[in-house]
Amino acid sequence: MKKVEAIVRLSRFEDIRKELAEIGVPFFTMNEVRGIGLQKGETMVYRGSTYDADYIARLQINIYTTDDKVDDIIGAIAKAGRTGEIGDGKIAVLSMDSITRVRTGELGAAAL
Amino acid sequence: MTESLFTTNNLWILISAVLVFIMHLGFATLEAGFVQRKNTVNILFKNCLIIAIGLLTYYCVGFNLMYPGDASAGGFIGFAGFGLALPEGAAGAIEYADGSYTYYTDFIFQAMFAATCATIVSGAVAERIKLGPFLIFATILVALFYPITGMWKWGAGWLDELGFYDFAGSTIVHSVGGWAALAAIILLGPRIGKYAADGTIKPIPGHNLPLAAIGVFLLWFGWFGFNGGSVLSADASAVSLVFVTTCLAAAAGAMGAFLVSYLMFKSHDLSMVLNGILGGLVGITAGADLMTPGESIIIGFIAGTIIPFSVVFFDKRKLDDPVGATSVHLVCGIWGTLAVGLFGSMAGFQQFLYQLAGVAAIGAFTFSFSFATMYALKATVGIRVTEEEEVKGLDVSEHEMKAYQEVEQGAPFAFAPQ
Amino acid sequence: MTESLFTTNNLWILISAVLVFIMHLGFATLEAGFVQRKNTVNILFKNCLIIAIGLLTYYCVGFNLMYPGDASAGGFIGFAGFGLALPEGAAGAIEYADGSYTYYTDFIFQAMFAATCATIVSGAVAERIKLGPFLIFATILVALFYPITGMWKWGAGWLDELGFYDFAGSTIVHSVGGWAALAAIILLGPRIGKYAADGTIKPIPGHNLPLAAIGVFLLWFGWFGFNGGSVLSADASAVSLVFVTTCLAAAAGAMGAFLVSYLMFKSHDLSMVLNGILGGLVGITAGADLMTPGESIIIGFIAGTIIPFSVVFFDKRKLDDPVGATSVHLVCGIWGTLAVGLFGSMAGFQQFLYQLAGVAAIGAFTFSFSFATMYALKATVGIRVTEEEEVKGLDVSEHEMKAYQEVEQGAPFAFAPQ
Amino acid sequence: MTESLFTTNNLWILISAVLVFIMHLGFATLEAGFVQRKNTVNILFKNCLIIAIGLLTYYCVGFNLMYPGDASAGGFIGFAGFGLALPEGAAGAIEYADGSYTYYTDFIFQAMFAATCATIVSGAVAERIKLGPFLIFATILVALFYPITGMWKWGAGWLDELGFYDFAGSTIVHSVGGWAALAAIILLGPRIGKYAADGTIKPIPGHNLPLAAIGVFLLWFGWFGFNGGSVLSADASAVSLVFVTTCLAAAAGAMGAFLVSYLMFKSHDLSMVLNGILGGLVGITAGADLMTPGESIIIGFIAGTIIPFSVVFFDKRKLDDPVGATSVHLVCGIWGTLAVGLFGSMAGFQQFLYQLAGVAAIGAFTFSFSFATMYALKATVGIRVTEEEEVKGLDVSEHEMKAYQEVEQGAPFAFAPQ
Amino acid sequence: MKKVEAIVRLSRFEDIRKELAEIGVPFFTMNEVRGIGLQKGETMVYRGSTYDADYIARLQINIYTTDDKVDDIIGAIAKAGRTGEIGDGKIAVLSMDSITRVRTGELGAAAL
Amino acid sequence: MKKVEAIVRLSRFEDIRKELAEIGVPFFTMNEVRGIGLQKGETMVYRGSTYDADYIARLQINIYTTDDKVDDIIGAIAKAGRTGEIGDGKIAVLSMDSITRVRTGELGAAAL
């Protein structure tokens, strides 16, 4: 079982969500993150001094899934999340030992 | 009385009405700042409706219940009919109040006071009361209870005959609101989570203290009209004295609450200082025209020192009042009313007894009728939202709205997308 | 006329100007509260510049275009020259307006009204208009369009001759702003994301409802000067009646919007109640001096009930107005103007036709000239920010600032570091 | 002088006091908006206490130090005793100020001005000063330094004799506050993180610009009383002129700051426009009664253009002033005072020298005494919080509170639980 | 060594915390997340139009732990976090290679 | 490939960032978290009652990296993040199966 973590642009969220739903992955968890990468933050001005916003607002999408779906998920996110501009983000896959559904105690694929 | 002086007098009462009006924004922001963010829409909604309901019901019945004129039955109750009835003669008849103001000025100034009363309650019952029953209760309070006891003094009723004095309403407005609030919070019970299983207090801090501070400054601002307008003319000497006593009492209230809360809790608690200012203002209200500047400082300072004790007292008794309305309006209202017997140009033992009588009579009436009304509402439609609704917050459960929307167009979250 | 009465009259008009001034803060906070947080700096910036531009252009040309005196050409247009020209005699000549106010008082009171007009537009076009073109449009509106139609009535022009009545500006101020707003939003188009591909409305909730509520209370507060000052003297009888009708209409507007939006949507929508209060105020403005208290309640209540229908109507027509300015100022402004023919001391079929004529003439003029101006701006410099800028938010893309900074010194984020 | 005119005059000064009062809310919100969120409670707390302390100390000593009457020693210093002493005759004796206002009116109007001074300092020293020493400094400033230099001019002291003119306090109030602020920030040093190791400026943006905008509008609102009330009567001609010059200067200040900051930084910086409005207001204050509308626009515009230069100047000199108080109150205060010698009905070389003399004398006195006081405090109790406290934020380290509480009952975080 | 990640209801937090403390896991890290799952967001109304809040506010609890405690932790969270209603959340276990305590540089179990 | 997760003090962020840049790890993602550990939250007072802030604000830094850099990263964070006071935080290393760059679809080390 795997956990897929994707760091993506906020503006691509709606499309990624749709794409994931289409490949049968409608459920996930997400949180706000701040990215420091090739793409730089906006240049801001305050009282005559300019400064760069250090980071860029990003969305992290976390999906617990079975091994067979991993490639589809990566494909879906890569497709819907792409703008082609620097800053599109990353998709990481981590090994997951187990998953449990709190409501029922079900384990593994049944918990998803 | 010249037309010119009449115009000036009337203008001041009108401007005072404007100032008292903005106290409603003061209450709205103070209360909004002191509740949790999940109940903000609810408290704003209530404050918008209260001023609307207050003005309309005072138009329909309140004014003629409070100032029944000849219709008064022994100084206890009277009613001069529904709606407004312009007295004989032109609208602006200079004779109406001896050249001080017109009939309509009288109405609008009094109407602004009336709505204040219900607003006091809304803060104390915040975060857990059902909207509908609250509005019913507020309507009854403004339409009936407030004008009835108001008449006892300001409508030339029995307390006025007796010798009771309450210049601008420490008792008639503030304590009345406070008693009603007390009755309501006894029946409502504390907010979920305010007390641990073992009874210790778990503070539920307000979500936006700048809003609360805005509220307090606006209330002070409005109080210039509340007290200054209660002179009921623009008399230079009287109004300027009232301005000085009002301000010095507010300032002393801030210092009193600051010092006592520092001594008691070793903290510089902004919420206490804010309440202290209000306590000082409520305290001076009954005798703002009777005190010297020095006396007003004493009265305000004592009111300020009362606040921390009172807040802790109510908290310990599990009388949960998110904004401190009972401490500010009820306790300091009583203090201010009694202070008329202790300080200033009317002070004296006899007067002190009159003041006690007024406090007791109005308190007994308002508390018992408020309690009965709330009790009836509780027994019938229920007055408290469900636990689930309360935990979710009233904004979502009663209004399907959020005060601070996070979702932005083009992005699911609250910060600018790239 | 004694010097003393003159001083009092003049003082009231000055104080009214102060009250109307604070309406600009009301608009600023109302609009800021109803937009998304990413466009907050932009809307505040526009509101700061509008009042500045409004006062300066009204000084330069507006005042003498609106009150051309003998320079008027057949009551349609006239211009008495650039800048202010103190009439012969002392600045404070008691003769200027028959002892009601001085020349400078006249100017400052009128100037505050003028700026209001442009502010109405700023709310409707929020979150997508380019700053530069908006400021050009606002300047033209205040400098030319508003004074021209204003003159038709208040400058003793042809509509005044005809018999059209508009006490304090339901049409002359509010509808004019509303028509200009309508023209602008037609040409601008809706915000990105307001409509799904299939045309369904996707609400874009305001980011800070306490700010919006502050705005509405401040507007109501200022309206005491807007309507009360339009008596153009401190006449006790007239001003006090206007205060009563204005307040009761606002209160009834709140109730109307509350009830209808509950019936229509089964929700207690704070944003509707806030708009309802404003609708009631706009509605009573044309006839605030003509109505009995009872009539003012009817007018205000109807205005309040119009709001939810109107908001939904515009939304369905894809006329995207984030703050409801068209519903409040245009629709309720028309309603209030027509109401003068239906209720109150001037009611009558003849009068109704005059009112219709005024609404139509001023509407046609303002809408078409506003449309043409905006169209020209659109065709040349463009009036809308790019899609990318809109999604990012105007604060970052036009101002390189954020309204609520998250980064704190010593820590990258918005909470206290340990 | 009729009783009626007296009543009107007095009423206007009282209303002006109310308007000046609300400037304290303006300062509180402006400063709160411009600091980081972690220091919000602290700045609000200081603003609450300053108005309280200001009123009380002005009652105790300030008023009689500023207006010593016959007790004045050569026009340099004098003291008429502690507390207020109602002059012989009735409180409202029409003779007190030749029928313009009563003794108590005089006091309350002046007391509101006094507290303003200390508030100016609180913005500049925000986010790093210790609460206790700040309060001590503010008390000394209001109780001693402000009344002493104030007496030199307004108390009929030596500068008044000389011919120095300062209508409503560009120097006497604003620059005095500004000099004290400058002395304080020199001794305090910049906030941690404001300058990189290599000396480049790292901006620390304010956390809530809507609050700051509310502050500026409220200050403008209050300025109608600040300048309008300084006419010291309701004289129709004088007050209306002052209203016009004040408003036009504020508007021109906005435009000046807007244009210059656009040219200098290529940005539409809201914080600069907000400061520009205030700069225009401070600039016109010294000669608001002497200027034509056109001259007031010039003075205001120049004040507005000064702001961006001045802000950058202080920033480059590592004089860290989070709210721009030194630029607004000190620099524009000096400009406005000198402008009396350059424009308007008193302009002339001689007058310019008098103005210079006043600026220099009051500046030298206030700066050196403020510096000495702060220095003494620094050397004894210390004036700056520890680095750890500063990084944590003063709200947590001095008040154990947060301005915006995140924890909600039933949930550890700031959004509605499900 | 494992990292246990649990997505839970905010309203169950206090109980979960107590339960974890009882089984000897008093320390952890948490963050706010937004969940998209079977349970739908609230229906909201704004100016006459209804819309669904897309997501549901959830809490993610992150616990670094030794292998032997994993089952206890899952059990504790599943017990205290359960309401039985749809939306109770998930508990995932990820493999962790190492853990270091910043203060001391200690590695492994000693770092916990 | 590894994911390094570090829970650190907010006030150490600038130094950690510099240190990471020096060892050639300029890019990462971070998010706000709340920690419950040995170090207790501030004691707060509200209206006369004291209470403890339950948690402490912390920053979580997430770095996707190749195996060879892991030790350097741990070293850098441990060095720059240390104050020596209780509460300095933890650094965890999780196994990562793959990493993809959304913009290009590149996989593995090339995606970083």
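Note that the chains take the letters A, B, C, D, E and F in the order they are written out, and that residue 1 is the start of every chain.
What we mean here is this: contacts are C-beta pairs under 8 Å (C-beta built on N, C-alpha and C of every residue); 3 or more make two chains touch, one makes a residue touch a chain.
Note that the coordinates shown come from a computational prediction; the quantities given were computed from them, not determined experimentally.
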Original post:
Which chains, if any, touch subunit C and subunit F both?
Top reply: A, B, D, E
Original post:
Could you give the fewest steps needed to travel from subunit A to subunit F through chains in contact?
Top reply: 1
Original post:
Where the contacts of subunit D and subunit E overlap, which chains show up?
Top reply: A, B, C, F
**OP:** For copies subunit A and subunit E, work out whether under half or over half of the interface numbers are shared, and give different or same accordingly.
**Re:** different
Subject >> Between E-F and D-F, the pair joined by more C-beta contacts >> reply: E-F
Original post:
What is the distance, in whole Å, between the centres of subunit C and subunit E, each centre taken as the mean of its C-alpha atoms?
Top reply: 51
Original post:
Centre to centre, by mean C-alpha position, how many angstrom separate subunit A and subunit C?
Top reply: 45
Original post:
Counting in whole Å, what is the centre-to-centre distance of subunit B and subunit C, each centre being its mean C-alpha position?
Top reply: 32
Original post:
Taking each residue of subunit C in turn, which ones touch at least two of the other chains?
Top reply: 2, 4-5, 8, 11, 15, 205, 208, 214, 267, 269, 271, 391, 396, 400-402, 407, 410-412, 415-418
Subject >> For subunit F, residues contacting two or more additional chains >> reply: 11, 30-32, 34, 42, 44-46, 50, 55, 58, 87, 94-95
Original post:
In the complex formed with subunit F, which residues of subunit D make contact?
Top reply: 391, 396, 400-402, 407, 412
**OP:** Enumerate the contact residues on subunit C facing subunit D in the complex.
**Re:** 2-8, 10-11, 14-15, 17-18, 21-22, 24-25, 28-29, 32, 40-41, 44-45, 47-49, 51-56, 59, 83-84, 90-94, 101-105, 107-108, 111, 131, 208, 211, 214, 398-405, 407-411, 414-418
**OP:** Using the touch rule from the top, collect the residues of subunit C that touch subunit B in their complex.
**Re:** 2, 4-5, 8-9, 11-12, 15, 19, 36-38, 191-194, 204-210, 213-214, 216-218, 220-221, 224, 228, 234-241, 243-244, 247-248, 250-252, 254-255, 258, 267-271, 273-274, 277, 293-294, 297, 390-393, 395-396, 402, 406
Original post:
Residues of subunit D touching subunit A in their complex?
Top reply: 201-203, 205, 261, 264-267, 269, 271-272, 308, 311-312, 315, 324
Original post:
For subunit F, which residues are in contact with subunit A within the complex?
Top reply: 3, 17, 26-31, 62, 64, 94-103, 105, 111-112
